[in-house]
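In structure tokens below, several structures.
In the two complexes that follow, chain A is the common piece, with chain B as its partner first and chain C second.
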Partner chain A sequence: MSIVQRVGHAGAPSRPAGPGGRALAALFSREFALTIPALVLLGFAMGYPLATIVERSVTDFPGGSGAFLDNYKWFFEEELNRVVLLRTFRTAAIVTLACLLIAYPYACAMTVVGWRMRLVMQAAVVAPLLVGTMTRNYSWVILLQDKGPINDALGAVGLGPLHMIGSLSGVIIGLVQISLPFIILPLYASLREIDGRLMGAARSLGATPAQAFTRVYLPLSLPGVVAGSLVVFVVTLGSFITPALLGSPQQSLLPQLIAQQVNQLLAWGRGSAMGVILLLVTLLLIWVGSRASRGSAALSGGGRR
Partner chain B sequence: MSARKGRAALMVFCGLVMVLLIAPALVAVPMGFNGRATFEFPPQSWSTRWYENLVTDVTWRDAIVNSFKVAAIVAIVTTVMGTAAAYGLARGRFPGRGAVMALATAPMIIPIVLVAIALYAIFLEQKMVGTLEAFVIAHSLIALPFVIVTVTAGLKSLDDGLERAARTLGASPAVAFFTVTLPLLKRSLAVAAALAFAASFDDVVVAIFISSPEFQTLPVKIYSSLTDTVDPTVAVASTITLAIAALGMAVAFVVMTKRGVEGDAAR
Partner chain C sequence: MQPDDRSMAVGARVEIRNLTKRFGSVVAVEDTSLSIEPGQFVTFLGPSGSGKTTTLNAISGFTDVDGGEILLDGTSILSLPAHKRNIGVVFQHYALFPHMTAADNVAFPLKRRRVPKAQVREKVRRALELVHLADYGGRLPRELSGGQQQRVALARALVFEPRLLLMDEPLAALDRRLRDAMQVEIKRIQEQLGITVIYVTHDQDEAMTMSDVVAIFNEGRIAQIGTAADLYERPADLFVARFMGESNRLPVITCDEGAVAFAAGAETLRLRARNATEAGVRGMLVVRPENVLVGRERDPGLDSSLTGRIGRVRYFGAYCVTEVVLDDELIVRSRQPVEVALEAVEGDRVHVQWNSRHALFLRSGEGDQLSGSASSFLDAADGGAEAVAHG
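Right, the complex of A and B next:
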């Protein structure tokens, strides 16, 4: 409050007119001043720690000394790391695909039902978010255990028991259910914007329902598909809790390996290098994803001609 | 296949998805009344001693108190800080505005494990591991983007002519902000504070790294009791979060149904 008032009084009088002077004055404007507390937090809690991690990845070596990029070289030369990196990508891809297959029809349905039903469907999506991460992970530990209710049910119909907890399939089941809200919400937001009359127009021009869907609805929904999938993929790539609780150390994913380097081996340089690699991959994916969704938006814009 | 049959199939599918979304969390409820310290489901005998344990066991009680303390401070700090920043970004025309916005939402994008080890490195250096201050700083970073995004959206939907009108009528920028804009932003601020509270309360990954046996939050306590022991108190803690979430949903549902009815009537 005091900042707003003080800066408000100081900033109110005349501003210099020249273009250079204006830019300089704008830099010290009260609007910029309002962002300073947030910038200080970001600098201290994000900028400085991340810089430390980058620095350690090129200066901290297990043997005590090493060359500039040794930790990165180690990461790509060690076979276990390559296996884990590949497994992490494969897991993220499977989880994303499964989420998409479940979320798409659900989000579609949300756009056509009445408002009361939509509210119920929306509540079902938001409820797991309110319940909290640990509660949801805990319930999957119970459900997936070897003598758990899912195995009881599978055994009753002659399919089980399956070994799910402590395996990658358990991790995938848990991650799919936990990630569903993250894809349904953006997908619904994007499907809601599609003009339903376009499908009717396609039908009246002789398209079959299937054609109207694949040629009109599906292309128009692609930006939402890309955005939602990207969220799930990126979140899965960095997930730590679910693999730690539902998976096994023999089938660990990259985040677990990072934690292990730092916590158990105290190999800060290697752990940091892995963290930097994970960050770069994530940023690359987001960049590609945002370009792809812009591309498909242009495509749907072209379809209007 | 007729359109009606297709629609029925779709609704059955959606019903199953709703069960998938909601049902798993409910297993915590019977588990909390387990008579023995096992993961057996459903429990073979019943007792309420884990409920007693949650309030009498010092480590559980401390973890709950710490969680509420951290989340409350974080909600206040980030709502003030984030609202100021969002307002500056929405109204200002300074160079580098886009960069500041990107920076402010970056904590959402960075893989959480990386955030965790980076903060852990710094707090180790500063001997701050396991302190309230460390948790407040770390969770403020996680919560800040939620506040900035929410308040920015609120400001966008606001008619900024009202604030200009107040200015032309002689109000100073500060008076115009506090008497016109802020009251209009009330709902966004409440949502922002709630999201910030939830982001802090729910964080496990960063908390695992920066906690110590002396200072833990509830998710850390749940995590460690899931990995180290078989303690049905976990289920009780989960049941209570479930109950709070259900209560919140019910209130929101009533409010929205009412508004929905009014909206229909208005049409």
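Right, the complex of A and C next:
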């Protein structure tokens, strides 16, 4: 979310040069110095484990010995792995799209309602984050059961029962609910910056309300859309608990497969290789997303005030 | 956009009848009527919150109205949505689309009207030429200065050849010099195209120099409408007199036709004033500072005179403003070229004098609060008026 946007801005080519440049460089390096403790901590807490994983993925083999990239070769040769990788991406895409469809109107509404209503809406977004992840997942288990409240309600109006728990649809429902705050908040932050008076200007120039939306509002909201979607996509790719509790082993996602390799088969090397693959794909997506976001942010940045 | 387009783009006739708009309990515009001839440049001038923007928004369709009628060339436009009214609007905040280049901004209204591509390019080029930005089409709004952005906004509001252009404080965000240049530019374009313009401003000079007609707004109503000279020389009421330029205002009471009584200290003076009709009406005698002369001797050519002490003298280069403190601390200002102005020392006793041609009596309205001292002045004059009238 905001991290992604920062990345975009820091890379903008408009660093002032000339006499002020040196002072700015000094300031920059002083600021940089202040981040050193955090960087050291991150280095130990994340860098070291990450390095271990990468190392294991090229040194630790199930039979005891193997060639440098054998674990990676195994991953792409095994049919099941490819199916699961594809399923994981498909699920993440569906979850992201569903989140976007819910979050966009919600965030839009947040920008137009009064401050009281906005507080309520904000609280509604944040509150689920305060309930633990496990609690929320188990709640969904109860809600989605074949004889759970949702199916009861459907039955009462003569529908269903729907088989949701233990299927991909249950996983998607759970993931959407869990991911929503991660897209609504950045999206709202971005929509809030759009000058509402531009819509009036568009109307005065002959645009219907629908055209004012598609030609002006929507393009200006793209940085928020990209940032929010990216977070949801990445969070979904790496989610383990929700698919484990709400899904089925027959339709497992990549994180579950990794856990299986590590916990049940004790194949640390293979699990590590899978983790590295997931990480690389995620980084690639963030890079692409931040580039897209930078492009549109640069366009909308000027006329805000 | 070229001279041959003139026939196509003649201005619209605008008629506003009994327009009323409320926001909750606030009456933003109250029973306002106004008629604008084709090709006229009309300025709305008035204090903050007097209903100028609301009136403009009612015309452009951004706000619905609670009563009244708005006619464009005799046809009501109130039932039309904003995007069908075909009225150009320029905003104080430019409202350029930040994600589009200048050229795309200008092309926007043409695309909404499904103008063929080749024509779009040609019209955009000519519109940008009109505002002297022919080479800036490829720039994004944030790459343009404030003045350039506003000119793009102007080109965008004109490119679809509206017959009416609304401008709400378009130059308020620009600095003084740029504003002067833009005033000339806007006026030139309006005359070249012959369109009707309604212009909102806080700046009196801007209103006076640009407009054919100025409408002074006060609390949701038009206090007076007329040429700049009308408003300055013949203000209809005290509000307009106070709002347009500087004025000296002396609390007086009429004593008979053409004369008012003014309580100067202990004595009551009879002063001649235009516009005084029946006796016994309270109000103000209004004299512009440039019509007031300060002298040690009475000037026989000027028929009205008061005495007082010299107060502050301020030097402005081209002229100076001399304050004369009358008895009871009332101040009369005189603005005269430096050569004409009296060289005086603070505290000197002098005459302040004017020709009664320049003295206008205006009755106080219900809204005009008289200060305590003015009120006691009037009470003193009240007694005196009878003496003067019968004496």
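To be clear about the criterion, the second predicted complex is superposed on the first by the 257 of 305 C-alpha atoms of A that agree within 3 Å, B and C clash if a C-alpha of one lies under 4 Å from a C-alpha of the other, contacts with A are read in each partner's own complex, and residues count from 1 in each chain.
Quick note on the criterion: a contact is a pair of C-beta atoms (placed from the backbone, for glycine too) under 8 Å apart; a residue touches a chain by one contact, two chains touch by 3 or more.
Note that the structure is a prediction, hence the values are computed from the model and not measured.
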Contacts of A:Asp195 with chain B and chain C, given as first, second, both or neither: second
Touching partner for A:Leu154 - first (chain B), second (chain C), both, neither: neither
Which superposed partner A:Gln211 touches (first chain B, second chain C, both, neither): second
Partner chain in contact with A:Ile94 - chain B first, chain C second, else both or neither: neither
Chain B versus chain C as contact partner of A:Glu31, first or second or both or neither: first
Contacts of A:Leu162 with chain B and chain C, given as first, second, both or neither: neither
Which superposed partner A:Val262 touches (first chain B, second chain C, both, neither): first
Which of chain B and chain C A:Arg203 touches, first, second, both or neither: second
Between chain B and chain C, more extensive residue contact with chain A: B
Overlapping contact positions on chain A, where the chain C interface meets the chain B interface: 209
Sites on chain C touched by chain A in the complex: 60-62, 81-89, 91, 93-99, 108-109, 112-113, 140-143, 156-157, 160
Of chain A, residues touching chain B in the complex: 1, 3-5, 8-9, 11-12, 23, 26-27, 29-35, 37-39, 41-42, 44-46, 48-50, 52-53, 56, 102, 105-106, 108-109, 115-116, 119-121, 123-128, 130-143, 145, 147-149, 177, 180-181, 209, 234, 237-238, 240-241, 244-245, 255, 258-259, 262-263, 268, 271-272, 275-276, 278-279, 282-283, 286
Of chain B, residues touching chain A in the complex: 3, 10-11, 13-14, 17-18, 20-22, 24-28, 31, 39-42, 80-82, 84-85, 87-89, 91-95, 100, 103-104, 106-107, 109-122, 125, 137-138, 140-141, 144, 148, 172-174, 177-178, 198, 201-202, 204-205, 209, 218-219, 222-223, 226-227, 234-235, 237-238, 241-242, 245-246, 248-249, 252-253, 256-257, 260, 264
Of chain A, residues touching chain C in the complex: 195, 197-198, 200-209, 211, 215-216, 219-220, 296, 299-304
